[in-house]
Each structure stands twice: as C-alpha cells, then as structure tokens.
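Naming follows writing order (A, B, C and D), and every chain is counted from residue 1.
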Amino acid sequence: MDAILLQILNGLDKGAAYALIALGLTLIFGTLGVVNFAHGALFMLGAFCAVTVGKLLKYETVKLDPTQTTPWGSPAEIRTPIVEEWFGDFGALMIDYSVPFSILFAIPIMLLLGVLMERGLIRFFYKRPHADQILVTFGLAIVVQEIIKSQFGANPIPQAAPALLAGSADLGAVLGFDPGTVVYPYWRIIYLLFSALIIGIVFAFLQFTTYGMVVRAGMADRETVGLLGINIQKRFTVVFGMAAVVAGLAGVMYTPILPPDYHMGMDFLVLSFVVVVVGGMGSLPGAVAAGFLLGILQSFASMNEVKNILPGIDQIIIYLIAVVILLVRPRGLMGRKGVMES
Amino acid sequence: MSLFDDKFSRRGVLKTGLVGAAAATAPFHFVRGASAADYLNMPKGKSVTFGFNVPQTGAYADEGADELRAYKLAVQHINGEGDGGMLNTFSSKALKGDGVNGKKVEFVTGDTQTKSDAARASAKRMIEKDGAIMITGGSSSGVAIAVQGLCQEAGVIFMAGLTHSNDTTGKDKKANGFRHFFNTEMTGAALAPVLKNNFGTDRTAYHLTADYTWGWSQEGSIKKYTEKLGWKTAAAVRTPLGAGDFSQYITPVLNSGADVLVLNHYGKDMVNSLTQAVQFGLRDKQVNGKDFAIVVPLYSRLMAQGAGKNVQGIYGSTGWHWSLTDEGSKAFVKSFGKAYGFPPSQAAHTCYVQALLYADACQRAGSFAPCDVLKALEGFKFDGMGNGPTEYRAEDHQCFKDVLVVKGKENPTSKFDVLEVVEVTPRAQVEYPADLLGGELGSCNNGA
Amino acid sequence: MSQKLEKIKSPLDMEPLTIEVHDVEASHRAKTARNDLILMVVFSAVVLGGPWILAPFGADYPDLLQRFCIFGIFAIGFNIMFGLTGYLSFGHAAFLGVGSYAAVWSFKLLTMNAVPAVIFGVLCAGLFSAAIGYISLRRAGIYFSILTLAFAQMSYNLAYSVLTPITNGETGLQLELSDSRMLDAAMGIERTSSLPVTNLFGMKMSGYEGFYFCAIILIIAFYISLRIFRSPFGMMLRGIKTNQNRMAYTGINTRPYLLTAFVISGMYAGLAGSLMAVTDPLAGAERMQWTASGEVVLMTILGGAGTLIGPVIGAGVIKYFENIFSAFNEDTLHAAYSFLPEGLADFMTTISHPFVGEGWHLTLGVLFMMIVIFLPGGLMEGAQRIANLFSGAGKKSKAESSATDTQPAE
Amino acid sequence: MAILEVSGVNKTFGGLKALTDVNLTVEENTIHAIIGPNGAGKSTMLNCMMGKLQPDNGVVNFDGTSLLGGITPYQINQLGVCRVFQTPEVFSDMSLLENVMIPSLARHDGAFEFNGWGPVAKRDEVSQDAIQMLAEVGLAEQRNVITGSLSRGDKRRLEMAMCLVQKPKLLLLDEPTAGMSRADTNNTIELLKKIGERDITMIIIEHDMHVVFSLADHISVLAQGTVIVDGKPESIKGDPRVIEAYLGGELG
C-alpha cells in the first residue's frame, strides 16, 4: 500500500511537470492557433534562468595563491563568492536559496522572451499552415538550444535545492502508516504544490478577469471575437507571454530534480505534445488532467510487479495510453470538435 | 569462384550488363580505388591523415569536445610541437617528434551525434573522402561497436575512444579494432574488494540498470562479483534510456530491504538518477542497522560535475584521473592544462593515449598498413601512460592496466576536484581469460 | 454523356464552344507528357552524374552519394503521403527501421545478395505500415500525427531494449561470421575468416557500385512517384488534401485511398531502409526515433511538400549539412579562407566557426527559419520564383493549371 | 413515383428538439423546394438525409434504399444523391477541370479504385465528361484556372457541374443562390431549369422566394422542426400558416 501511495506521489509530481508544459502549449494553441514546437525550449530557458542566477550569485573574486600550484603548473586560485563578501551570511543564504530566488528573475525574463518571440516571429504565422508553424518553431528551438549550448556547454549543471528543503518529509506518520515507510523529498512536495498554485492562478485568471474572458472566448471562437472589435493582437501577445512564464517557472522549479542541460526542452517536447493531444487539443482542463493521468500511469507501469508481467511496459506506456485514448475518444479526453482535424 | 573477392567483382561489373548506366560510368571511379596501393588510403604525400570521430552534438558533446582537445594535443606532440607530453614518459621511444614514418600527421574531425548511423556516416566520410588511415574516438559503446565494424569492413584501424561495454572487445571484437579503455568486467573485479572493505559481506544490493546492452553488461559484472562476496541481489530493475525522472524506480528501493543501490547508468541518466536517489534520502538512510550505500560503477568526472554535491562519498570506478601522480599522468595533465586551462577528463586521456599508441605502432612497424600495425600493437607492452605497466592483449585487442576505484570527494577544492582516488586496483586483479567474453576477432583487413 | 463534344452549346448564352477544346486539351496533355519526359531525363542525368556534379562541393564520395539517394527515396515516399494527402505522419522512421532490420536479417539468414534483402525489407515495411496505418487513419489531423508518432516511439523504445534479441538493441543488428546465410551456403559459397560483403550477383554494394545501385533505384522510385502524381489515384489524394468533406460527398471512400498511400509511402521508407542496410549492413534502433521521423518531415517541407522534386532536394540539403558542415573545424575553416588576407581570414574564421563543426545544428535551425519565413513553399518555391524572374512568366504559370507540375502547394 | 420518402423523423440535440415527426415525399423528376424561417431545421433535415446525422427514429428511403443505419455520405452519393453546399465546397487548390474530374472518376471507377499508374490525362471519357459539364455551366474556358480564385457564384456553378457530371438521380441544393447578385441568381435559375429538364430530381432549400417560385414544382414549409404545409406553389403562396411562420415575412 505504501508503495502504491509513493507511486501516486511520483505520478503527481511527474504529472505536474507535464501539466505545466502542456498548459502553456494549450494556451498558445487554443488562443493563437499556433503549434509551438519551441515550447520545450521555453521550459529549458526557464531552467537556465535558474542556472544564470545561480552563476551570478556564485560569481567569485579570484585571488591567485603563488605559493601553491595546480598540477598543470598555473598558480592555485582562491575563490570567494562576491555576494558572500558583500553580505556575509545573508549572501550565503542567497546562494542557498538561489532556485526559489530565480523565480523573481524568471517571471520578467520569460515574459519578455515570450513577448519578443510572439511579436518578432510567431505573429507572422497565425494564418500559415500548421506545418509551417511547426517548422519555424522547431528551427527556433534548435537555434535557442544551440545558443545555450555554446554558452553553458552540453553537460547538465546541478542546481541544489535550499539546504533546509533538501531532506524528506515522513508522510507515513501523517497518513497513518508506519513511520519511515512513506518518505518524500520536501522539494518534490513543494514542486507539486507550486504547480497546483500556477495551474490555479492560470485558471483563475481565465475565469475571473475580463482579459481571461476574452481569451476563453477566443479559444472557443477566434473569428467571432475578432469581429467584436477587441484588440485581439495585444491579447495574443499577453497570452503568449503568460504561456512562456508558465513554461519557464516549470523549468526553474524543476532544476533541483533534474539538473538542466541544453537538450532538456527537446526531451520534454514530444511527451508534452502527447499530453496535450490526449487531453484534447485546445482544452486546458484536458491538458492538466492528461498530464496527471499519464504521470500516474507511467509511475504504476514502472513498478516491478507490473514490469514482471509485461516487460518493457514502462518504455511505451505513455504512447500506448495515447493510442488507446485517441481510439476510444477521437478528440482526446476533453477535446472539442473540429480542432486540428484537417 | 569467390563472390566476395573484389578483384573479381570489379570484372563482374563489366560483365554484368544489369546496370547499364552504372557500368558505363563506373570504371572511371575504380581508378581511384584500384590504384597501386597495397592498402586503403595509403599515404602518398608528406602527410598522413587521422580521423577523429567524436560526439559534437547531443548528450556527450562536452566529452566529445574534451576528446578532440586531447587528439589535437596528441597530434601536436607527434609532430614535435608543444612540450611532448606523454611522449617523454612513454616507454617506447620510437616516435621522435617528427611525425610518423617521416610523415606529418594531419587530422579530420566528424560528429558521431552518439548515433550508430551518424557515426558510421561520419567515419565513412573520413575514410572515403578525406583518406583517413585510422579512425578513433567515440563516447559510447553502441557507437564504438558500430564504427569498429565499419573499420573492419573498410580496412582501416579503429582505436576505440571511451567505450566501457564488454562487447567491444568481447562478443563484437574485430581484428582491426583496439580498445585502451577498461570494461564492465574489470570494473566489477576492481570495485568488489573495495566494496567489501567498506560495506562488508552481508549486503543486499538493488540495481537500477539502463535498459540497453552496456547497462546489462555492467549489471551482470557487478552482480557476478558482489555475489561472489556474499552479497544478495534484491532486484535488478531496467530503466528506459533518458528517463529523466527516475522517482518511480527509486521509491520502490526505499522499503525493499536493500541496503546498497547500484546505479548502472552513465551520462545524463547517471546524473539524474544519482541526484534523485540522494534527494530521496538514500545516501543518509539506515537499513538493517547499516548505512545505506549508493554505488555508481562507472564514473565520468565530466558528468559527475553535473550531479554536484550528490556524488560526495559515492564509490565507483574510472579509467584515469588527473590527480594521479605518476610521471606520465603528470606530464599529460601539465601539457593539457597549459593548452586549455583545465585538467583533462578520462575520455581525453584514453583518446590521447590511443592516438600515441597508434602512431607509435606505425613507427615501429614502419608502415601504415593495418595488418602491419596490428602486429605491432598485438601483445605490445608499454608503460608511462598513466595506468602503470600495460599490455595490449593479442587475443582480444583489449588493454590490461590498472583500474581506479574512486569516491566522490567530500571537500572539493575546485570544480574539477570532484573525485578522489581510493585505490589503484592492480592489473593482475582485473585480468580475465581471453575466451571469457566470447566473440571472434576474424582476420585483419587492409582494405583496397 | 452521349453528346459529341463539338456540338456543345453553352446553356447560359456564353460563346459556343468549338471543336478546338479537344485540340487544346490534347496539346496540353502532350505538353505535360513532354515536360515529364524532360524532367525524367534531367533527373536521371543529374542523379547518375552526381559524382561529377557534386565534386566542387566536396560531396562526391560514395557514402554521402548513397545517402543522398537513400534519403531522397525516403522523402519521395513520405511526400506521397504528406505532400499529396496532407496527412502528416510523424512515425515514418519506424518503417525505415523495419526495412533495415528485415534486410539485415535477410543477409544473416538467406544470402548476401541485395535483391532478396530489398524485397524482404519493402514487404516487411509494407505490412508494418498497413497495420499502423489501419489504426492511425481512423483519426485525422494532429490526432493522426500523434498516433503515428506513438507507434514509432513504441517501436523505437522496444527495439532499443526489450526486443534486443531481434534488433541487437543499442549496438545495432550486424552481420556475424557465424550467420547461417542458408541460400549462400546452398549455392556453395565458401566462408572466409572475414565478414562477407553485400553484393548484387557478385558486384559489391559498397562504394560507387553501391551508389549506382541506389541511384538507379532512386530514379525508378522517382518515376513511380511521378506516375502516381499524374494518375487518377494521385488526383484523388490531392482531392483529399484539399477538401476531404467534398470527397466524401463526391462518393469517394477516402479511407482506402489514404491507407494505400500510407502503405506505398511506408514501402518507400522500407526501401530506403533496406538500401541503407545494403550499402552498410547495420541496422540501429535510433533510425526509428522521432527525431528521424522529424528529419524526413523537415526534408520534405524544406524542399517543398507536394512537389515532385522538392523532397529529394530537401533530403540532399539536410544530409549535406549533416555530413559536410559538421566536419569543419577551425583548421579546415582557416584553410578554406586562406585565399583572403591574414587578418580577414582570421576574422572570417571567427565569425563562421559557431556555424560549422559542432555548431552545424545552429546553421540548420537558422536555415529552417529562413526558408519557412521567406519561402513558404520550400526551396522549390525559390526555384520557381527565380525561374519566373527570368522567363517573366509569373502570371501565366499562376493562371494555368499546374497543380500537377512541380509547383508548391500553398 | 416517389424517389425520396422521409417519414416520422425525429432528432433531438441534448433535449432540444430539432426535428419533430418530419414527413416528406419527393416525387421523381420534380423540383421540390423546402422553405422555412431560420432555425426551422432545414439544415438538420438535409444532414439527416445525407448520412451526416443519425435521426433518433423515423425512415429515410431513397429509391427503395434506407439512408439510415450507419450509411456514410460517400455511399449515399454512390446511390445517386449529390449535394451542393450553402458555402461552396470545392477543391480550391485544384483547377476547375480537376474539380469536375474527381466526381467524374468517382462515377466511372466507384468509391475506391487503385489506379496509380495510368495518367489521369489519358482518361478521355473522364475528362470529356468534365469539360462538357463545365461548358454546360459556362466555365469551360476557365477550366485550367485554380479554383480558389473564383467568385462565389462561379464556385457554386462549379459545384453544380461537379454534381451533374455524376448524373445523380437526386440533387440536393442548399441555398443555391445565397449571396449572389440578381444577374447571377437569374443565370442560376436558368441553369437549374435546364437541369430540371434532364430527368434529375432536385431538392432546393432556399430563402429567396423569387427562386423558389420560379423553379419549384412542389414546396414543403418547415417551421419549428416540422413540416407545417406541403403542396403546390400556388397553394402555398396564400397559406396563412406560412405567413404566420415567417411572421409576416415577404412572400414572392
């Protein structure tokens, strides 16, 4: 039982990552009608916001120590992070909390990147065929990825969670299991709660603001909304920026779980498209539900008990579920009719 | 008649009118291939071309870049530029710093993309277009085996880069292929005594294994040697390559009763699974009254940097480490560090050594013909290359040398100072009979 | 209709039609036929003359020439599905992989002769695509794309891991000395201590011989594709792309048309895959990965989807980048600029370095963006525009029905 | 003889009754108009006849064959029913000739035939039929123009040619003159009259009473999902129920 509970937690955690990326993809697709293959790159850029902040905080003064030399003959270096020099213990604390701290930076940066991307490129593709959109955003994703690679290298760059949150919570005690049987890392719990918060904010925004109403109306019927004389262009830009922020924040918060590298966006891209389609193109609740559903099913499929019966099932479970759902429900879990069918 | 002998087939083309247009145009090209050379890509001018085939894109791009740095350094040293590096400590003094066999060494590069197809395409380009006499490099076993097969068919020597699977010099060994790097069998043999000393003989191991040939090979070797110690294996779970999030494989470990987790992962998989295993508190856990232990059988320092502090105290093996203090290692670290400003990785080391070994063999053979080089390399004993006295075993073209057991360093002094050497396992302890891993070398191929 | 064409009178008081209609039609048809003949001749000449034509570009070595042909075939086949019907399959690499595995197994079990390998590869890919197509074609649009993607990814993941006994997993399926090769054995071909090479009735299939084999198959494949484009079947497929709803109300059962097109294009992929094995007998799982499927999509769109020749050009461009641009390093780059004054050469080396060697992906990404932004119809549209510029025939060609010509489908 | 019989057809959409007990009989070789105010259920009824929608119950028989129970639009077309849409559904990327050749091929080769080898250009019977049909609707000279550039009226005439080339027994026209100029409308009326002389039964759904009364042999008036009046044009014209249904809308 504890094993199953743990797998549900794993699934929710995994699902949270899928859901956040899929949410942004769906927002963009539903409102703007654009298939954005660069969305994974936005997720990756978010993660690299954290990397950059971490690097900046750890920017060090270098003093050479001529008394010692490295094995290759140059003088040894003594490095001190500048923030520690300036702020002392508070500086050390800032370094420790660099990942949560990055969120403050990631929001404006991702918003800016999103707006730039929409204004500079995407808006020229609203009326173009989906194939063109896919190709141009895919090209953009490669370009962004290669730029990051040239700046940060190809290897993963570790980002530690704050020391206080590095341990695990004993959920077993809380839920009435034996102590120590259901332990779960604090950071993963935080990630889950954070995702729920973001999803909540996005839905609240769409539900309760006039802005959101226009966006929802646009998702339902773009042409009509355009006819109402609303400046739809401006709203499109904001939606794209918002989707970029959601993807970016998902990236920032994921870094302690998965040390980021330049390729992480591509790794998530295909999966998140499967999630979006299983949820139903253009359906926000569908994207979120599919994210969690696939996350949980993937976790269960990875259990030894399951794998012993069906070897390799964890390799294909997501795709298998996608096939079954699309055959049973032609437009995914909550898809509307007529979207992306021709 | 033999269908496969190409002297016949060339005549066969002219006979068979099957491919009209081809037959009409084909003979033109044969002039190139059918020249008087004794072997493929026989160097005719004042230079000879080596082909460096490394991953430049994909997950191992950084490792590939480091390999390329090492190769460039090796070429400089062979041509007599720079400080000579390991040539000064190498036991064979055949190379004089004036190229090989009087010819200056040049090189061409290619991108393997860590894909067999791309790696073979890139190697073929270097052989067919650039006239490379030897191909070397690579950062994964799949690629190494694929390119090794290609070099065997084409008729050039392949000096494997970083490849750790048993198959490279086992099941899939080829006469034209040589490996300096160690393998999973040696890792098992080297690691087991250290594990015994640190964790005792009453342990239960839980394996997470990358679900492909190298992973299985690694899992098999560790199981074999730890079970000899008296360890039990609780489970061996296969994980998909590039799973990213391994939580669903890690949580079952928590209550499995196992007290050792063996991560048979490499590269990004290793970084992610180790980071996450530590996050789940496995490093600090107590099971059966013992401290829980994590073991990463194959360490790569470059990659371990990606796991940050999570590697601290984690045992594993590695081919070579820059902190070694023998003369050869010191010379190499010095010239590499001077050129690039940071220490070389184990991938750089093995590639550098492979390039020198090949050049040396050509010099000693007085020829670049693969079959002559092969004779010079087979059974070749040497020293001064960082791993103590080493031998290229003739039976399987595998180098036998010391293996390092390392541990993630608790108090690193720089970002390169990630691992500390716990023990240098002597060569005798990791040797195994040549027929253990199967396979057939076949005969050498000169091409042409 | 029993009326004779000459006697038609327009019911709406338009100019009466004359007998000329028939003549115009006949001459139009003759023109198309003549253009097609020219196209075939030029295409064949360019393909067979590849080693000479590509020499100035440094692409005249057998492996890359073979690859141009093989991926040309792959893209032509993909174009029959995507270019004609508009159904975007994201899983075509799976068929390529199946073709490769089947061909290598044919080498291992039967004979080193290329013919059975190719036949076996095409058949297996055909069967596999029929099964996947039958299920995936129940859905359209992106749902179809995702279904094909899912099947291909499942094939890839399983081939890499659980199916290792059949596929040899990560290492890739390769020939071994101990393979049975029953037909060869029955024909009394002796075993040697080295691996046998693939051959076509004695002619080895690597090097230039392999290229000419692939080239001739490419020409045949292109011809078949041309026939399909011009046939009633091709017209129906284009109808499906343009307006599937109208097709249904026109009495056309679109599903079998789509499935047939899917299987044909799957067989093309299998053909390409088996040729890869013929020229280089190794089949790796990553051939089936989604990135490989994506690559053929990019080739087709880059060249011009729905055009006859575009996909071949797209395939050539991408393979050229992959093989030639990735090979540049600082030294070769500097050598290439050596004709410039020293300082300028250094400068050029510095600014172009990020785009070659390890940066070749960057160049590819920029190229994709440029093409889609400025030439939505792919490279073929660029060619068309240039041609129009010279002939001044822009208006004419637009007004004329040339949907069957090599014109971009916008 | 009745070619199409609709009886007792009901259709609800989530509790909303779209069609209630619709009965309709279309005689062979007549022009039958269905009129009614917006939202009367005309399009729903058409969709029920064409296999696009399944009615909840009732009977739809065409020439002795039921059009219900999983029969698809293409099968209905193969039985000899062809539909012209309210917004023209044509192959806009293809030439006019190709537009008409496709239905012509569908008639000659059936719902599916794999012919991937012989050039379609050599199918003389197909292209001649197509050219002739284009000539009849007055588009023959533009046959090599890409369809997307046509005016709406031309597209609709093209669509008629696409149906006529199949020699359908029954032609369904959904507002054939919607959005047309007066001159175009008159041309279309002439064309439809001409077609009417060819032993083709037509059902016309139309708003324009001028068109209806110029063409129809028989009129059914649909309101609130059911047929309220059914009869000859003369009898419809003065019927108070019809006037009421249109809320005093202009008739004739």
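Everything below uses one rule, namely that a contact is a pair of C-beta atoms (placed from the backbone, for glycine too) under 8 Å apart; a residue touches a chain by one contact, two chains touch by 3 or more.
The shown structure was predicted, so the numbers you read here are calculated from the model rather than taken from an experiment.
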Reaching subunit D from subunit B through chains that touch each other, fewest steps: 2
Farthest chain relative to subunit B (centres taken as mean CA coordinates): D
Higher-contact pair (C-beta pairs counted), B-C versus A-B: B-C
Chain centroid nearest the full-protein CA centroid: C
Where subunit A and subunit B are represented by their mean Cα positions, the distance between them in whole Å: 35
Inter-centroid spacing, subunit D versus subunit A (mean Cα positions, whole Å): 52
Between subunit D and subunit C, distance of the C-alpha-averaged centres to the nearest whole Å: 42
Where subunit C touches two or more other chains, by residue: 157, 160-162, 361
Subunit A: positions in contact with at least two other chains: 312, 315
Touch-based graph of the chains, sorted into line, ring, star, complete or other: other
Contact pairs between chains, per stated definition: A-B, A-C, B-C, C-D
Residues on subunit C engaged by subunit B in the complex (per definition of touch): 44, 48, 51, 58, 60-64, 67, 112, 157, 160-162, 164, 168-172, 174, 177-178, 184, 189-190, 192-197, 199-204, 206-209, 212-213, 215-216, 276, 280, 282, 284, 286-287, 322-323, 326-327, 329, 332, 357-358, 360-361
Contact footprint of subunit B on subunit A as seen in their complex: 2-3, 6-7, 9-11, 13-14, 17, 70-74, 77, 79, 149, 153-161, 166-168, 181, 183-185, 187-188, 256-259, 261, 263-264, 267-268, 298-299, 302-304, 307, 312, 314-315
In the complex with subunit C, residue positions of subunit A that touch it: 35, 121, 124, 128, 130-132, 134-136, 138-143, 145-147, 150, 270, 273-274, 277, 281, 311-312, 315-316, 319-320, 322-323, 326-327, 330-332, 340-342
In the complex, subunit B residues that touch subunit C: 2-4, 6, 8-9, 12-13, 16, 18-19, 21-22, 25-26, 29-30, 33, 56-57, 61, 64-65, 68, 108-111, 115-118, 120-122, 124-126, 128-130, 140-142, 145-146, 149-150, 152-153, 167, 172, 211-214, 238, 240-241, 440, 442-443, 445
Contacting residues of subunit C [partner subunit D, same complex]: 1, 3, 5, 8, 10-12, 14-15, 17, 21-22, 25, 28-29, 32-33, 227-228, 230-236, 238-239, 241-243, 245-254, 256-257, 260, 264, 398-401, 403, 409-410
